[in-house]
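The same chain A turns up in both complexes below, where it pairs with chain B and then with chain C.
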Partner chain A sequence: MDIIQQIINGLSIGSVYALIAVGYSLVYSVLLFSNFAHGGFLVIGGYICYFALRSGGMNIWVASFAALIGAGVSAVLVERFAYRPIRERTPVTLYMLIASMGMSIVIENIFVVTIGGRFRALPPVIPMEPVNVFGLATTSAFDLLSLATAVVFLIGLQLFLVKTKWGLAIRAASYNLKTAGLMGVNVNRLIAIVFFVAGLLAAVGGIFLSARYTLYPQLGSMITTKAFVAAVLGGLGSLPGAVIGSLILGLAEMLTAGFISSQFRDLVVFGILIITLIMRPTGLFGKSVGEKV
Partner chain B sequence: MKKGFTLLTILFAVLIIGIVIAFGFYKFSNRTTSDSAVLSSAPIKIGYLAALTGDYAAYGITEVNMAKLVVEDTNAAGGVLGRKLELVVYDTKTRNEDAVNAVRRMIESDKVCAIIGANSSGINIATAPIVNMGKTPQISTVGTNPLVTVDSNGKVRPYSFRVCFTDPYQGALAADLAKTDLQKDKAAILYNVGSDYAQGLREFFTKSYKKLGGEIVADEGYRETDVDFRAQLTKVKRSGANVLFLPGMGKDMALIIKQAQELGLDIAIVGGDGYGEFMNEIAGSAMKGTYWINHTYLSDPGMAPIFARYKKVYNDDCKEFVNGTMAYDATQWLIDAIIRADSTEGEAIAKALETTEGLELAHATLTISPEDHNPINKAGIILKVDDNLKTQFYKKVEPK
Partner chain C sequence: MEERNPILSIKNLVVNYGAIQALKGASLDVYPGEIVAVIGANGAGKSTMMNAIMGVVKRACGEVFLDGEPLAEKSYQVVKAGVSLAPEGRNVFAPLTVMENLQMGAFPLSNRKVIATELEKVFTLFPRLKERTSQYAGTLSGGEQQMLAIGRAMMAKPRVLLLDEPSLGLAPIIINEIFAELTEINQLFGIAMLVVEQNARKALMLSNRAYVLQTGNIILEGKSSELLHNPEIEAAYLCGKKK
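Coming up: the complex of A and B.
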C-alpha cells in the first residue's frame, strides 16, 4: 500500500515543519513581521544538542533540554539586541523584517566560521529501525516518535496559551499589542516570552531535523522557507493554520514526489500556495482584520 | 536607552571606518608590490577556487588546506623560478555566479598566473569561457564531466585542464561493477536534476549499463537543497530494482542511503566520486557494504606521509581524502608546469600542462592527451565500506 506509506511520510515531515511554522506564526501574530532568523534558532538548538552529546557525553534528555533552553535564550537575545531597538524607534515592521534577514545570515556564518561547514550527524540516540504499521506500510520508529513529540509540544503550547496568565496576555497582544500594553501588560517581557517559546519549539524541530537528516549551518535557511510557506498557507499569525499548513505542505511534497514526479514537487507545492492566496488572500485560517484608524 | 543606542551607532561607525581604512592600506601596500612585479622578488600568484561555504564546503576547505601545505613546502625549499609562491583563495559559495565573479577578479585584479579548482564540474563549466578568454590555465581537481575541458562541439578548451578521470569512464566502471561483479540486472538511479555532474554521470552509467544487458527500472530526480528522499525511495522500492546507483554529492547520497535503510529497502548501492568519508558518520550502519568509484584511496602508500603531515598541521583526519589528494597533485602538477615553462605567462604554462608526459604524482603517473586535455589511462579505484564503517580499498581497475 504505497499511498499509506507516502501519507505517513508526509505527516511525519509535516509535523516537524509544524513545530517550526508555529513559532514563526507566534512571532508574527504579536509583532506582525516575518522573523527570517527563526531558522537560525533551530540550527543553534541542533548544534547545542550535537556538542552536548558528542563532547559533553550527556544523555539525549539532558542534551535536548540544554538545546531547548539554549535556543530559547538565543532567541530572546536576538530580540533584545537586534529587534527591540528598531521596535522602539519605528512602528514600521519592514525594518525588523530586514534586520531578521541580516540576523539569519549572521547566525549561519557564525557557525561556518567557528565550527565549519562540514555536515554532522547526531549520534544514533533516537531509534531508527523500520517499523511495520499494521502490515500496510513500513516506516521508521523515528517518524512515529517525531510525530508524537510534535503533537505533545503543540498541545503543550496550546495549554500554555489557554491556561496561563501569560498565555492570555499573548493572545491579547495578538489582537492588538498596543492595547495589551495599555491594559498593563509588560510588553517587553511578553515579547521576550514569545521569542523564548518560538526558539524552544524551533530547537525541538532542529533536533529532529538534524537527527533525521544532517546538521549544517545552512539547515536553517532551507527549512525557514518551508515553514514560511506553511505559515502563509495556513494564514500568517494563526497557530492552527500553521499546523494545518505544515501538514498540507508535507503531504503535498510526498504525494507529488511519490505519484507524479519528484521534479514536479516544488511546482505543485508553490502552485497550491498561489492558488490558496488567490482564493483566500489571508490563508486558510487567517483572520482579515480591517485597518483600524 | 536612546542615548545608549546613539553611542552604539557611533562606535559601530568608527569600527566600520577603521576597517575600511585598514583595508585600504592593505590594498595599497599590495598594489605597490604588484607594480614592482618586474622585479623577480614578487611572489608568483596562483588562484585557488573552492567551495568554502555552502553544501560542498567540506570538500573545498580540505583542498585549500592541502594546496597551502604544498605552497609552504615549495617556498621553504626556495620557491619556483627563484620566486615565492602565493595562493590567492576565493570562495565559490557552491554557486556558479559567485565562482564566475571570483575568477574574473583573479584574472583581472589579482593577475594570477593560473587557477586550481573548483571542486565541482558545474563550476568549471561555468568558468571555462572566462579563463579561456583571459588566457589563464585552470586545473579542475575533481570536475569529471567531459564538458569541463571540451566545449559542446567537442573542441578542446585550450586553457582548461583536469587531474581526474572523466564521467564516461566512471559511468562505465560503475555499470560494470553493478552488472558484472555484483550480478544485479535491475538498476534504479537517484540524481540531482540541477547538477551538470550528476546529469552527465547518470547518462553515461545508463548507456553502459544497458549495453551490458541491464535494465533501468527507476530514474528519479531531486533538487539541490532536498534532504528528504523517502518519496523517491518508495518508488524505487516498488520498481523492484536490485541495485541503486547514486551519481550525487556526499550529503544527498548519505541521506538517501540512511532513508533507504529506514524504509527497509534491501538493495545494493553503487555510487560515484562525490563520496566523502563523512557520509559514514551521517548514514551510520546503512553505509555498510556500499561501493564507490573513486580516484584514490586513503591507504594509498604515495599519500600516507602527506596525510600524516596534514593531520599534524591542521589536527584533522582529512576525511575528504580524495579532494585532499587531487588538490595536492594538481598543485604539484602546476608547479612542475611553471618550472618546465620557465615562465609565468598563461600561454606558456598552458603549453607545458598540455605536454605533460609521465609525470610522477603522489597518486598516479600523469600523461595528458592534447586532444581533450584529459589524463590518459588513469586507473579507477573502487572503494567498499566495511562492517566497521571504514572505507576500504576494494579493487583497482586499469582502463582497457
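Coming up: the complex of A and C.
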C-alpha cells in the first residue's frame, strides 16, 4: 500500500513543519508581523545539535536539550535587540517585518562566515530502520518518531497556553496586546516568553529536518517560506490553523513527490498559497473581521 | 477634617502626540472613597488622561502620585501599585471566556484565596456574569461586556478604579444599571473612582466632585451637585437634556 506510506511520510514532514509554523504564527498573533528570521532559529538549533554531537560527543538527549534552549535564547535575543527598539518607537509593524528580513540574512551569514556554507549531515542518532505499520505499509522509524515528537510538543504547547497563567496572558495578548498590558502583564516579558517558545519549537523542527535532509545556513529561509505558506493556508495567527495548514502542506508535498515528481513539489506548495489567497484570503481558521466592538 | 490626603493626584500632566499637545498641564485630585468625574467633549483629552495615568502613553511632563508616592510609568507596575482601568470601548478579550477574562484581571495577584474572594465580590455585584462564566466574552451584549470590563478591572483589587466612558454605546436603561452598580461598588468597597464621560449629566449625578476638561486644560472644578446647576455647564454640556 504505497499510498498509506506516502500519507505517513506526509504527516510526518507536515508535523515537523507544524512545529515551525506554530511558533511563527504565535509571534504573528501577538505582534502582528511576519517574522522572516524565524527559520534562523531552527538553523541555530540544528547547528547546536550538530556540534554537540560531533565535537561535544554528547548523546542525542543532551544535544537536543542544548539545541532547544540555545535556539530559544537566540530568539529572545533577536527580539530584544532587533525588534524591541522598533516596537517601542512605533506602532507600525512593517518596520519589524523589514528588520526580520535583515535578521534572517544576519543569522544565515554568521554561519557562512564562521563555519562555512557546506552541507552537513547529522550523525545517525535517530533510528531510521523500516517499520511495518499494522501490515498495511512500511515506513521508517524516523517518520513515526518525528510525528510522535511533534505531537508531544504541540500538546505541550497547548497545555502551556490553556493551563498556565502566562499561557492565558499570551492568548489574551494575541487578541489585544495593549489591553493585556492594562491587566498588569509585563508585555516585554510576555513577548520574550513567546519568542523563547517559538525558538524552542523551531529547534525541535530543525533537528528533525537536518536529520531528514541536511543542514546548511540557507535551510532556514526555505523552511520559513513553507511555514509562511502553512500559516496563511490555516489562517495567519491561528495556531490550530498553522497545524492543519502544515499537515496539508506536508501531505501535498509527499503525494506530489510520490505520485507525480519531486520536481513539482514546490510548484504545488506555491500553487496552494496562490489558490488560498484567491479563494479564501483569511485562510481556513482565519479571524474574520467583524468582531470589532 | 478636610485635611485628608488625596489617594490619586495628578499634577501638571502634559501629553504630546507628535506636535499636538493633547493634555496641557492638567491637575486633579481624587480623595479616598470618592467618585470624581471628568467631563468634556470629544477630543478634550479625557482618554489621554486615563492612558497617561496607566502608562499607556508617555507623560511628557508632570507627575502622578498614588497615596503620596510617585506612580510608576509602566502599565504593569501601575496595575500592581493599585490603579486599574476599565478601558474605553470595553476591550474585553472576545475569544476568551468570561471566567478567563476575570482571571486576566487578577493577573498581578498570586494568592489564590485573594483571587477567589475578589471573584466572589464581582459575582455579587454582577450576578449575570456568574451565569455566563464559560461563555465567550465576544458573545455578550454590550451592557454585559461593560460589566465584565468593570469586573475585570476590579479583580486586580485596585485602590483607585479608572473608568473610561462606561456609558459608551449603551442603551439608556443599561447605562442606569451600570451607573447604579458603580455607586454600589463605591459604597460597598469604598474604592475611589475616576470616571471620564461624555455623558455629562449622568457623570455629574454619579460623582461627588467633577472637573471640566476642555482642549487639554481643566477649566472648572467643583461639587458635582453644583456643576449640575451651573448655567455655563448646562449650556455647554447639558443643553436641552433637562428632565
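Assorted remarks:
By our rule, the second predicted complex is superposed on the first by the 282 of 293 C-alpha atoms of A that agree within 3 Å, B and C clash if a C-alpha of one lies under 4 Å from a C-alpha of the other, contacts with A are read in each partner's own complex, and residues count from 1 in each chain.
Keep this in mind: a residue touches a chain if its C-beta (ideal position, glycine included) is under 8 Å from a C-beta of that chain, and two chains touch if they have at least 3 such contacts.
All of these numbers come straight from a predicted model, not from anything done at the bench.
Of the two partner chains placed by the overlay, only chain B lies in contact with A:R120; chain C stays clear of it. By the touch criterion defined above, A:P85 lies against chain B but remains apart from chain C after alignment on the C-alpha atoms of chain A.
With both structures placed on the common chain, the touch criterion links A:M183 to chain C but leaves chain B unconnected.
Which of chain B and chain C touches more residues of chain A: that partner is B.
When the two complexes are overlaid on their common chain A, residue A:Y175 makes contact with chain C while staying clear of chain B. Touch criterion met: A:D2 reaches chain B, while chain C stays clear of it. Of the two partner chains, chain B is the only one that A:I13 touches; chain C does not reach it. Overlaid on A, the two complexes show chain B and chain C touching no common residue of chain A. The part of chain A that touches chain B in the complex is made up of residues 2, 5-6, 9, 13, 85, 88-89, 109, 112, 116-121, 124, 128-130, 138-140, 142-143, 209, 213-214, 216-218, 222, 253-258, 261-263, 265-266.
Chain contact summary for the complex, chain C toward chain A: residues 54, 56, 74-76, 79-80, 84-85, 87, 89-96, 100, 103-105, 107-108, 138, 145, 152, 156.
Residue ranges of chain B in contact with chain A, taken from their complex: 1, 5, 52-55, 57-58, 61, 193, 220-223, 225, 227-228, 230-232, 234-235, 238, 250-251, 254-255, 258, 261-264, 278, 281-284, 319.
By the touch criterion given at the top, residues 165, 168-169, 171-172, 175-176, 178-187, 291, 293 of chain A touch chain C in their complex.
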